[in-house]
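Labels run A, B, C and D following the written order; every chain starts at residue 1.
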């Protein structure tokens, strides 16, 4: 029995959550530091895992297997393939920055403190750690049911983060903010819960199917795959499709895919910037990741059957999201819609079923995580300074806060995937991967890059350039803590933009496995094909 | 004789039969040991009555509480002992001349009911929540049930420090009836048990200290409708008896399967399936009423709201357990041969129950009514499990009942804590910002709500999953999907309460949270613990339910 | 040697990095550092050039592979450089002109508090541009391609507080992005066709590819053309160049005249193999080129803003190059040759214009100039030489390069040849006209700036041209620019005078480039002599007309209404208005309606469901009316239903 | 005698009882109707008992009476108490809790 590093990676933040929550109300900074320490520890563990991951080795590594609830066929099976290990690393990487960025977000305004035991700061950081733990576990789970459990459970802390620690800068004033906030939180929860429950039905159906054919129902990915390989398990086409749809629906809500995206702008708009980052950069990735991990592996045929529709929806997301981003008046909502567009790219890459597409998609998950974090966090700093989210309230910021403007621009350029910055590589890979099998869709998706440029540059122009607007004069430039948040992210964007090899090397083999799951191989270049 | 012969096909002359069967009344042989739980409870209940009669008023409270706790504990011990001896599995058999079954389901449910009763006693005995009256701690029951609300007599009673300690014996009688109900192995026992646990409940409902009018109203409603339903049950029994000439489960099922020794009378009656079908339907109605299934659910919200909250908690938990036990036994032991007749109907009822319960709850404004409707919805989920006519179905239902009853008790116990000048503040608007006022209580209630909503890592989820799994394997996938949809709807109102508690600013004149005595605290704590344990490590309980999921025939 | 190639790019990149992240402490030395690094890479270039000349023609190509950028199965994107004669030409031009303009900027930006950042951007541009021309595969080229786009965006919008500048920058980037679609799609096509996008893999195979899937190759050609149009401001993507003049003048000189805008020409020449295999694509190229050279020229005639006039001319000159490149082997060499010469004289002209503006409080309206030759002699001379060069005055560089192109156009042969040739000639005529116009309006005629009109282009926009900072508004008093500005002008003037002649001495340039681009003499229906003569004629005509219009009679200080064509030309032949109406307005409407749709429909469905559940709940709730007897009714009814159902089940 | 007739009678009584529960307002009367239903059941039991020639039915009838008596006790207690507090035994007046 080797050292259960995966469990530990998840356990550290979980424990951290408890510890942080236990810190006395008065000792806020202590709570912050504790939480930060735990998240950094997690990061270290994640990096160790990544370093020790043998790209040439087995598909799933560091595996742990225990039966949890026999009657439910539920196992505590953990294991990471290249994709999983990268996603875990991403999560662990972003959380410390999220915390640093949200350092004071949860401090109680004075006088709204009816109870000594009321300690929002502790709660805020504890919840973040809790989310981290659950996200990490859902990236590590190799048991469908286990995954489902954390996939669902993570909604609750997320929900409290959105509803409990919303953005205080709301055009409609304080109580309007409260109203919008709880609306957003409830919408987030119900939307995802609905998705999850549909998935639950599918999960149960899967159990029934396996139980019928294998005698005992199981959710262990390994067992199912082996059984199928051995021909002992064969889902009826219609059943497989229904179950697939159940799964995909849940993931599509989480991802989010058009037309199931409408919760995201609310959630990201009303929550504080760090939480918004948590949503779009970390939690939503679970959806796309799960498509790659579960939809394709468990239901190869159904996946292929559904591919055309999904691709079309993905392309719609890309264009639609971008267009709506152009039309937004609210900085955070704009970024949210931009994310919708980017998730379109990710899903496109996944279901293009080519190695470029899927490696690109995985890489995209990472890069989008980092770039959105950079952009959104800087936007958050900006918003908290001005006390408004409306683009119209800004103008000429670069004059008063050049560094802030500069970082914002870099974040924006990453978002429009400029070569040299990380997202470019992944976006191009996705496009090539798509193009090589679906040229038309590929070209339509390519239009997205123009629109991306449009919404980013318009945002930058309206907020940063031009004469200094009233109310902007006083804005201070980035503080040391804030630079500490942004600088590493930007550095990372540059590094991955120039040298993504470390990531791709880990991801490629796993993508190869996934592709072989769906019995797909990359299309040959036309010339070879002709020969 | 000749008259008898030509009038109607076969009518026996009682004299001859009576004469021919003087040996029809053998000395009844009762397995006291195996019935010990029931006997203990009833014995203790009797003692309780005597205590009421003969001990001075100031000692009664202590005496009754101790007595009840001891009795319930002893009974539970007895159940465990029986289970240990293997009466749940290998030695399962029918005791007391075929009147009562001692088998897995019976013992499991009896154990659950006894624990629920025990916790209920704690909540009954709580006397720290209400402000002192004339220097004395008071519990949540009327000083004198018979006194006119707000009248001179009541004032006098309060001044004299009267307390209705009868509630404890009543509780015990109810528990006793509930113990017998799921174990009943003939229709007569079923009926009697039903009445035995119903009547005390009717009285208990009427005994609230605050809002006595509502309390009495709830009692009347409950009583009239209960009696009405039991009339249906009884008529159903009559018809079944008419069909099969016997009231023992085994006998009836034998007749249905056609394995029974036939005689002319039987040939005559069994020729007419209407008797059987209508009888079956009406008996089912009687049970569905107790379960609170749509369209027989309408008493639930009113009664739950009006009854004293501890009683509500007890009813909500224990009655459901007992009634579902009886329903299971009826459907699995008496009517397995008939499943093609009753299953579709049950489908309909289950669907209606799930949806109506969830949907109506969405617009509720009173916590207790909200919980009432949620209990309706949950009844629907459980029915989904009942419909899967196999071992899994049984075990999943048993598990669900156990999980659900403790969440319910806990939830209602929390409701008793949130109070303002007028007693419990049950209107949802009063709960705004509770999370700020007293995070702990709010968090606990939040846990219960999440369990109700079936969020993973809570017992609610495990139960829901078990039941749906059973249903799916029983080929009732549509039911599962509808169940899933209605849980999505249900999630909405649970979440609404959470939003209210945590995300809305506390009202200045908001209710205060009373600090309970260890009794209620224990009840709540137990609820939380069970919720989490059954959510995180349900395997043990699932095995238990699995072992206990075989009915004796 | 080949390691130097990396350094070539690294030097300015380093500069950019340091200057942009260095912070205020670099403010004093920043510009020097930037210039130094630009110079460094020029020196490196010179060294490499010398080395290359040393080798014999066959083995001149240097390659250096740094590392694998994106390795995913078939898709292997390398970071590798390829330095051949073509690249070398560009490298020299870029670093050379680049360095000069760095020096020029030292003086020009002296009073701008963000000078450090300006030099950072310039260095960034150099790096990207060098990357573009040195890349050994299309993917890396794409990186450079977008890189220069970014640099140009940053520099056009350098005075961000001027809304006009910010808008212009955005516009430039967006239009270029449209072009970039072309490039990226081209890369995808290359990948799906050849399984690679490295020059060395693709070009050899093009032949067989065009045999099997001709359409694809043509498609690639078209996509590359689209890209070229974007970057080189060719019709229909030319609209950004005029606005790009919002940027500081050195920027206009370096990026929007000498180097970046010629990237399209580079792309097409570099992809010669592909275009040779796709005649249809070539036709498209020459068409675009011909149209643009006329278009740009016409626009150039109408503009009163000196920089915009020059911008129009740039467009038109690049039109020549593109056309030449479209002619195939006949034209590649001359395209590049004209590119280089144009690099010299156009840069010179812009710097001249900058110098004029410097001395005129940043006035850009030529109608407010006049008679400046006395006040700023050096500027006058250098500008004049540049002028002569561009109109193709015999003996100056413009003459040789442009003349060759016109010949090549005719040499294309057939009606096509005639059409193109004619276009080229007309273009030449118009060029002569508008350049003379500029010359006359600026340096000759009476001094229209005397009557104290305020100098700011438009009062509402705070002009941030550094000169404005120190010179009080009101009547300007023209003066010669500091030496840091004049010296580069002089050097460039030399270039614009002698470069062409140098190249043509026993057609050295042709020999130099032939190994890369290939070269073939077409069969011209008309002799070179005739062509030259024709060119001369149209040249004289153009100058004459211009003199008649602007030299003889005084120029009105306020622009006359002008003919329909004039007015159209002032507005870029309404092309912008078209964009505005169709794209901008249309886009706004589209987005607005989508936002509405998203809220009302997509979200509406969700909220609607919730609402309807609520409504249903409210309605069902009424059944719970509190009357025992109604409950009893429901029970009885329920029982009836259950009983009936049970019986029914048996019946069916 | 034909047992069927007794059954018809029983059914009729049961229905009358049920109808009474639905239409009468006075709680006492409603309750009496319930009792009527129970007695209808008794009649049915006895009839079947006779039909099948075993005594179970008759025994059950006795049980039913006892239960009914018990119900009367509880029921009347409750009804009387509510009557005292409201001065009305009409079930329609007890309408505090609804919706």
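Brief remarks follow.
Everything below uses one rule, namely that a residue touches a chain if its C-beta (ideal position, glycine included) is under 8 Å from a C-beta of that chain, and two chains touch if they have at least 3 such contacts.
In UniProt terms, the chains line up like this: A = NADH dehydrogenase subunit M; B = NADH-quinone oxidoreductase subunit N; C = NADH dehydrogenase subunit L; D = NADH-quinone oxidoreductase subunit K.
As the structure is a computational prediction, the values presented were derived from the model and not from experiment.
Simply put, of C-D and A-C, more C-beta pairs touch at A-C.
With respect to chain B, maximal separation of chain centres occurs for C (centres as means of Cα atoms).
Averaged C-alpha coordinates put the centre of chain C at 97 Å from the centre of chain D.
Taking each chain's centre as the mean of its C-alpha atoms, chain A lies 37 Å from chain C. Per-chain Cα centroids separate chain A from chain D by 65 Å.
Centres computed as Cα averages put chain B at a distance of 81 Å from chain C. Counting partners per residue, chain C has 610, 621, 624, 626, 628, 632 as the residues that reach two or more other chains. Residue positions 220-221, 224, 228, 301-302, 492 of chain B each touch two or more of the other chains.
Multi-chain contact residues of chain D, defined as those touching 2 or more other chains: 18, 21, 30, 91, 94-98.
Annotation, chain-chain contacts: A-B, A-C, B-C, B-D, C-D (touch as defined at the top).
Those residues of chain A whose C-beta lies close enough to touch chain B in the complex are 68-72, 112, 114-115, 117-118, 148-150, 152-153, 155-156, 159-160, 163-164, 178, 181-182, 185-186, 189-190, 193-194, 197-198, 200-201, 204-205, 207-208, 211-212, 217.
Of all the residues in chain C, the ones that touch chain A in their complex are 20, 67-75, 139, 142-143, 145-147, 150, 153, 157, 160-163, 165-167, 170, 173-174, 177-178, 180-181, 184-185, 187-188, 191-196, 205, 208-209, 212-213, 216, 462, 587, 590-592, 594-595, 598, 602-603, 606, 610.
The touching residues of chain C, when paired with chain B in their complex, are 610, 613-614, 616-618, 620-621, 623-624, 626, 628, 630-632, 634-635, 637-639, 641-643, 645-647, 649-650.
Put simply, chain D touches chain C in their complex at residues 18, 21-23, 25, 30, 91-92, 94-99. Residues 436-440, 450, 455-457, 461-462, 465-466, 468-469, 472-473, 477, 480-481, 484-485, 487-488, 491-492, 495-496, 499, 502-506, 537-539, 542-543, 546 of chain B are the ones that touch chain A when the two sit in their complex.
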